[in-house]
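Chains: A, B, C, D, E and F, in written order; residue numbering restarts at 1 for each.
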């Protein structure tokens, strides 16, 4: 009897899509406006989903307050009001596309969540574009 | 060729998280503000998803009006504007966490929906916290 | 050149609509399900709007972090996860309708906001019902 | 390491639910208000989800601009501001229920998306009713 | 001390923008896709705002259940699942633009609401286009 | 009989709050995380409201397609995927707070909208913070 709990969070960041192995022309052709050398930014909205058995004593799969604090510590504090390309270790040499960001977030959270629990992360880059990753 | 239909519904209820086998101190430590003996409450928003084959005569998986009426009869009438701990049989001795509520709702609906159809229930306790259950 | 800044906040509370001067029959007739003696509850969503001149040094009408902290101190801490009828002074003898709650919130915030600034409060009791008050 | 990218789109259309093999009485009994011979309409909101490996050069599963243009060409241009029953080939002899529309959209998009990628379509007929199809 | 209460409602309808005094060419030039002779449609979302003094006995400006029933009787029943041009008296000779619809709705509700109360109607034609009318 | 039409739009941009007349310490004390020298960013959501008489021939206050194109030309093209501080003339020497941005947008639109029409602009910096300006 596995139930999924979901918690929403958010952070606001600047980024730029760029592949240093390519010419400026190719970067511009592939990434278009997202390649702006002066950066642009987004309100990233995050949904973290944890799936597991309900603990009969608490009625919880996982205490959502613990999940909220974990997201704050691992994701919001390092990424909020930051330039992802310049201010974070993770994206110094990894292109901060929504796809790469959601995988980085999943990996950062995975190591702090009990292995009996499944983890899925959904990341909204805009209200119209979002990505999902479940670790497989 | 299986399609999922989804119907949204809602109910407003009071509840309190509490384990009678524990001391007040432990209840307070585990459930915090949610343990308030005078109760607090939520606008619960519900999404009921039913998956199955499309009937070629109607173009429906299931008539959504029937699903809407079923949710009203089984969930909204018994739970809306109620105190879940005091006014319902289901939570007299079951802690009304979001996880336990979603399983109760799933069980109440499951017995009225054709066995050839899959059922999933999503329950928003707040716009930031929600749970999902598919019966497995 | 007056600009309005808006900040969203939220609290979850139980309440009951009841007029102690009336019979139980009249209370039931007027307030219906909202009169449940065991209480029900809502996720109250709040929008606080402050209008004034832009400070040319900061570019702010009012620092939204200060507004956020004020809402937390004056509204969220006293009302969140509370039973409005039993746990708050304001609604011990005042019926906690959405209309009365929004006026109470406005009055609590008004005394902490500079008199040169206008104040408006919007309170969502559910996503379908909300009230507004500007102090006049 | 498979990631899902999602893109939202929308179109506004008129439709009518009707089975020409049935009497008017049976059509009215089954489809009710949706059988109105003069049509009614909806703002259809669409979420197209594409799942696959991240390309290490771009950091993309699929360029979302290409997906956006594909949805525009295949879905928005032929369906937006149209009467689905009268103005489209697909629904000349297929009842335009949400279930049938989502399958038609999936089939139209599937042939333009690389076979290594999975496709799922979610279609909101109203904010309260929506359907999902993954091709199986 | 005037407070505003708001109630949301919705109806789904087909319509067509057309001025019979104009040529087909001019209708097409001005109304574009909205002039489709076979109609298109929308999920109209409605917010009805009523402003007045709080009744000290009830704590209500107006009983929201009465407002909800009034909207159902006057707006939802006549307009929901209808073709506004063909099925309603109001738009037989009035072009059903969002602007004209919101004025018609305001006029229909105004005559049933106490003259001491102010009335404002907001009508969403799509999530991106909406109109407002306060009767002045 | 004045009606308001509203159109939603959006742009994604990077920015930094900074007053060059102040020391780094004072900038940090006043603007906090928003002062990050490497910038951060937002999905700005915009609502443009135009109020006027309904033209009896069209049923329009203003053709919303013209308003949509005007917002695209004047706001989306110059601001979308830009660094407001570095890439725009308007914010080279004006601190890009939400308050200042909404006034700049209002001024850019005002000169293209007929003087008989009123204009109001609402700008969401995040889903929780937004500002409004009506030109007075």
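As a convention for this text, a contact is a pair of C-beta atoms (placed from the backbone, for glycine too) under 8 Å apart; a residue touches a chain by one contact, two chains touch by 3 or more.
Since the structure is predicted, the reported quantities are computational estimates derived from the model, not experimental observations.
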Set of chains adjacent to subunit B and to subunit C: none
Subunit C onto subunit F, rotation angle from CA fit, given as a multiple of 5 degrees: 120
Pair joined by more contacting C-beta pairs (D-E or A-B): D-E
Interchain centroid distance [CA atoms averaged], subunit A/subunit F, Å: 28
Centroid spacing, where centroids are CA-atom means, of subunit B and subunit E in whole angstrom: 34
Averaged-CA centre spacing for the pair subunit F and subunit B, given as whole angstrom: 41
Set of subunit E residues in contact with two or more other chains: 127
Chain-to-chain touches, reported pairwise for every pair that qualifies: A-B, A-D, A-F, B-C, B-D, C-E, C-F, D-E, E-F
Complex contact set, residues of subunit F against subunit A: 10, 12-15, 33-34, 36, 38-43, 45, 80-83, 86-87, 126-127
Contact footprint of subunit A on subunit B as seen in their complex: 17, 19, 21, 30, 32, 94-100, 102-103, 127-133, 136
Footprint of subunit C on subunit E - complex, ascending: 1-8, 49, 54, 57-61, 63-65
